[in-house]
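Labels A, B, C, D, E and F are assigned to the chains in the order they are written; within every chain, residues are numbered from 1.
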Amino acid sequence: MLFNRFFRGLSHTSAWLVLTILFAIIIVLFHYSKSAIGDFGFFHFITNSKWIVGNDGNGGNFGGLIPILGTFLSSLIAMVFAIPIAMGIAIFLTEIAPEFLKAPVGIAVELLAAIPSIIYGMWGLFYFGPLLQSWFGGQSNSLLTAGVVLGIMVIPFMAALSRDAMNTTPSVLVESAYSMGATRYEVIKDIVFPFAKKGIIGSVILSLGRALGETMAVAFLIGGVFRFPNSLTSATISIPVLIANNFGEAGNLQLSAMFYMALILFIISFFTITIAKFYFLRKTD
Amino acid sequence: MNRLLLNKIVITLSTLAALIGISFLLWILITLSIRGYHSIDWHIFTTDLVNNGLRNVIIGQFILAGIATVIGVPVGMMAGIYLREYGINSKFSMIVRNLSDVMMSAPSIVIGIFVYGIFVVPFGGFNGWAGVIALAILMIPIVVSTTDSMLSLVPQELREAGIALGASKAQVIYKIVLSAAKIGLITGVLLAFARVIGETAPLLFTSANNNFFSFGLSNQYPSLTVSIYHLALFPSQTSQNLAWAGSAILTLLVLFINLITRFIFKPRKQK
Amino acid sequence: MKLAIQTKDFSFTYPKTKEATLKGINIPIYANKVTALIGPSGCGKSTLLRSCNRIHDVYPGNLYDGEILLYDNNGEKAENILQYKKENDLINLRQRIGMIFQKPTPFPMSIKDNITYGLKLSGIKNKTELLDRAEIALKGAALWEEVKDRLNNSAMGLSGGQQQRLCIARAVALKPQVLLFDEPTSALDPISTASIEELISELKNELTVLIVTHNMQQASRISDYTGFMYLGDLVEYDVTETIFLNPKEKKTEDYITGRFG
Amino acid sequence: MKLAIQTKDFSFTYPKTKEATLKGINIPIYANKVTALIGPSGCGKSTLLRSCNRIHDVYPGNLYDGEILLYDNNGEKAENILQYKKENDLINLRQRIGMIFQKPTPFPMSIKDNITYGLKLSGIKNKTELLDRAEIALKGAALWEEVKDRLNNSAMGLSGGQQQRLCIARAVALKPQVLLFDEPTSALDPISTASIEELISELKNELTVLIVTHNMQQASRISDYTGFMYLGDLVEYDVTETIFLNPKEKKTEDYITGRFG
Amino acid sequence: MKTLTEELNDINVAMSKIINDILQANRTIANGLEKCDTDMLETAKKSLNNMSSKTSDIDNKIIKILALYSPEARDLRLIVSIFKITNELVRASSNTRSFIKGFSSYCDELDMQTIKEYAMPLQKATIECLQGVFDMVRSDCVDEIQELFNGVLIAENKTDDLYELLQENIFKHAKEIEDFTKFTKILNALRKSEKIADRALEIANLLLFAKIGGHIGSVE
Amino acid sequence: MKTLTEELNDINVAMSKIINDILQANRTIANGLEKCDTDMLETAKKSLNNMSSKTSDIDNKIIKILALYSPEARDLRLIVSIFKITNELVRASSNTRSFIKGFSSYCDELDMQTIKEYAMPLQKATIECLQGVFDMVRSDCVDEIQELFNGVLIAENKTDDLYELLQENIFKHAKEIEDFTKFTKILNALRKSEKIADRALEIANLLLFAKIGGHIGSVE
């Protein structure tokens, strides 16, 4: 009976710890952002495109517009690139691939989703960026490169989730559509997609969340320069990259501004994920 | 016939999409193999970063991820057990479960900066412990989630059967439920380990990096991923080669763990 | 009596299976009759049923052997459906031979769209015709009264029994010659089961029914002919009454009397 | 005849449910007899069965009312099990009243450990005694011959029917007074079903059986007494033969003859 | 395929038709006796042709139902009772025919007094039994059925008493006339009427089981 | 709770016991007739006591089986046949008792020649029928059953023929002796023996249905 109580107590404490960590994250981020929030407010901060470090290394004028824009634009490009391809893979894996291809291709996709993001960054930096530059001109490290590589990075993730969602379509449902004389395309369009709709949308939003918060792949590729991207092929910066690049040598106010940026990133991703989880991927058990 | 033509077109297009997607991914893997093949030699495993080797950072990465696992897995698993076994339908569990899910997808750089705030600033500098904590925090929600879902696969009747035989709740969980979910749980832990061992961003300003063969957790700590980041951006052929070697090793490692979970602990699924 | 389907030395092998799952089956399916297939689990009942509209072909690699003749409405001319190769032929076949599954399979659309889906596929575009045929089909399945006020609601909101009747209506709307039922009531409660059984009994005025069932009582209640299968063979086929009262084969008798094994 | 269990005006309400699910049930369960509960889905059969070993208490918030008397082995002294509060009492109760579920629930351990698990919980530590009682229980469940060479293999490797017999053996090993069965064969094939039914018939020499079943044929085949439940009431309770041949209540008759609804 | 209820109904109808045939035949006999009309007796006899094939049909249908529908409770009781009733019907019918055979040639030779005084009441009582049975088949009300059954019971007792009286009386006459054999044969024929009533009572018993339940108990 | 097989077995045993009782009673009668031993006839009569309660037991068990087990195919045919057979057994038994009743008082008054020459062969043939039926119950081999059935059929035909001969013969005697009534009664009694054979044939028919299948068809 002692064991009983001990076991329950321990697990209860652990559950509390999870909550505690989350709240601690918010509190700590907020705590360190306080001076930046005090100095710049909210609207001014997110509409300000300057990021000027003060002379003494402590003060300065910091605004989040460019990194916020960079984050959203790179993620948008990633989505535009990834969605059709990921859907194609998912459809291929659920309804088209012959049995002997399904397993190996499926496993390959899942394995690729597990490759650390820094690897994608390396590849983009040394191979894909220069290639894009030779096609479209501009810079090798640019919004486009970052977006497309980000897209390539989330393809396996999105495809695997979408395929899982599509696989939940009961095979009898699919068979019964076939037995009404439907073609493969009609089965996909009328049965599989509607059935897996929520799961697919959820997988897209989750992938978006990933892209928004991605650090390493983008850090290599977006250029890391603090300026408006005037074309797809010009360099800019995103929130995670801003933090990664400048954290080491930041002074007090800049540090606080970066915590502020982290807080904003956290809130953005919190809402994205919440929408995906609660509206589209609600677990029913 | 129109329908049939449309059918053919769609099939072709999605096959094509699949081909494009997969060829990108193959491209990455092939690049990695070639560059890795050319850069990896025995020397890398026997010398440290200062001498253009990767010994200390590889070991460092393992230690960081290993200790993070030792901390994160028990906490995550016990929390998962609470959610599924004790508070299954309580408000508290619902909140914890959902927030943990959100935390799982939180940007890892945010976790890093958070740990910086509480474990680096107060202790006056980058240290290994901070890195460990950051990785553990990353890991906990993953373990919570897999534990939760693996336990949910254990049929309720099995628990009731244990109770009906006169076992107490803790006995049922400990002896029956956990061992029924054993394979799933081990898989989950391995995958979580594979996930954190490839993390870079949370380590950037927690454990930072260390070029030397030194593993005191209260100092800056060597890690493979952070080293790859720095090496890759360093404009020298040697360090870039070293970055490729590290990347290949890291990828190999992660893929290896994933493959292990897939084939050795192949979950018995019935169709 | 007119034939609807007849198999001749029909054998079937699943991919990656060494032995044939069905071994030279010869069974006549008479038009406007209910024929039941019974037998222990795994004997190949579903496999045989699913061969009749080539739904196996959704998955690749199956091996057919022998003939499955599908007769026209007069029971005279017959075609071997195993010779169909083109997708078009298969689509036509499946519109002639409908299928109902164990679990109800309403499509994720409105009730109305469920019914008209097959009709649209078969090329009917006229809205009023679609609606008329939907109404007739729903009335035929004794579902009209229950759903007429919510035709545009999702079919998922119906009860299990209603869903199954919807699936039957959906298949019937296409005016198929044959309907295949694979344990259509095993996921339903007794009351829904009774209504489905009644529906099947009425359906045979218009078409031919082939049904697989685990429930011997059900086979005896609703079928005119019964085939007993065992290990991929058709052990005995006869008028239902004979199978249940005077079976000729000892295996059949043992199965019917529950002495199996 | 000795009583094993008797409920007196027993009512049960699930949490967050307005109406009581069981409404004043009075049913005697005689010792060394098989009593079957039948009735349409949702009538409360499982709820009543699960009240008898208070397994409901695994989930919080249920409301018991009335009495459930559990008699001692001589059918004389009785305790109201609803008054048990302490976990210890409940554990003892559950060792006196075993339970078998619809799906077999082998624990993820070896066959031997499955059987000895309950024994160990009940405090037996002696290895030889454990093994002896495991052997006796397995023999009692007609499983010994099939598993004696692989007692240390995982119980998951057994077939469904074997697993169910293992679960019965596991419960029987504790020498309970009463065994509760909740549709113990509805997940099994006919042959395994027959062997479980036979086992139940034999078990009543040693203990009392209360069984819920959807299969009326099964109730009629194996039970001595039958209770017919409807909407949370016990409509009729009598000798099985009477229920199936001469039921007194029209509701029972309608249910038995399939005219329900 | 018909539903169980339809099948049961068919059988019930077929059975009550046979009961009615026998009832009508016995009515015709009574009329014929009263009017001493041999033709009527012949008509009655003809109406009972093919009885065993009719009952066999019912029997086979019942077996079919048992095989295909596994009826329970009241359905089972009904079907099982009818399965026994067909035996009784065959016997009642063959008794009716023997009765007619026994009488047809002797009608004009017999003293009408005896016939009128005893045979007619006997046959009337038998008809009452049959009528009671026929009504029982059609009734669904427990009380009514019980009442009808009591009626059959009383009427059947009456046939027993009447037959004994008749026997005494006829033997009394026998001393007066020559040919004893003839009387014996008439008595045998009249005995058939009493036997029909016996069968009717047996059927009533079976119907009681079918409609109210309990145990089946054959009266020898 | 017994299994269906056990229950069926019980019923089968109970039925064959009754058949055997009737068979043995008829054997005793034959012996008694031969030796003109009235006591033996009485013993035989006693052995058939309580027949209707025994058959009622069987009937009720059958209904219970139908209610509880829903037997099919051969089990169903067997049980349904026995349900009909009990009727025949009651009649065969009551015929046997009537036979005994008819004979016991007339034994010493009758001319032994007629008895020996006709009544004994008649009774022997009847016994043959019963024996055939008894053997049929025990057999499980289709060919043997068919053969036994043919035996019963032939023996039953023999009883018909013998009875007709007997009738002629007795009426021949009747011209010689005074009391015609007595002969009629004896003839009536002997007719019972023929009727027992009829019942035996009917039972054989039912057993044929039970064991081989086909349709049930009652012979009037």
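Note that in this section contacts are C-beta pairs under 8 Å (C-beta built on N, C-alpha and C of every residue); 3 or more make two chains touch, one makes a residue touch a chain.
Just so we're clear, the structure is a prediction, and the values are computed from it rather than from any experiment.
Per the C-alpha superposition, chain E sits rotated 180 degrees relative to chain F, a value rounded to a multiple of 5. Interface residue usage between chain C and chain D, two copies of one sequence, is largely shared: over half of the residue numbers at the contact are used by both copies. Averaged C-alpha coordinates give centres for chain A and chain F that are 94 Å from one another.
Each chain gets a centre from the mean of its Cα atoms; for chain C and chain F, those two points are 53 Å apart.
Averaged Cα coordinates give chain C a centre that lies 38 Å from the centre of chain D.
Within chain B, residues 3-4, 7, 168-169, 171 each touch two or more of the remaining chains.
Residue numbers of chain C whose C-beta contacts span two or more other chains: 87, 121, 217, 244-245, 258.
In chain E, the residues that reach two or more other chains under the touch definition are 4, 63, 67, 70, 72-73, 76-77. Only residues 216-217, 244-247, 252-253, 256-259 of chain D touch chain E when the two sit together in their complex. Within the complex formed with chain F, the residues of chain D that make contact are 34, 198, 201, 217, 220-224, 240-241, 244-245.
Partner chain C is touched in their complex by these residues of chain F: 4-5, 70-77, 213-214. On chain A, the positions that touch chain B within their shared complex are 1, 3-4, 6-8, 10-15, 17-19, 21-22, 24-25, 28-29, 31-32, 84-89, 91-93, 96-97, 105, 107-112, 114-123, 125-127, 152, 155-156, 159, 183-186, 188, 206, 209-210, 212-216, 219-220, 240, 243-244, 247-248, 258-259, 262, 265-266, 269-270, 273-274, 277-278, 285.
By the touch criterion stated above, chain A contacts chain C in their complex at residues 98-99, 170, 172-183, 186, 190-191, 194-195.
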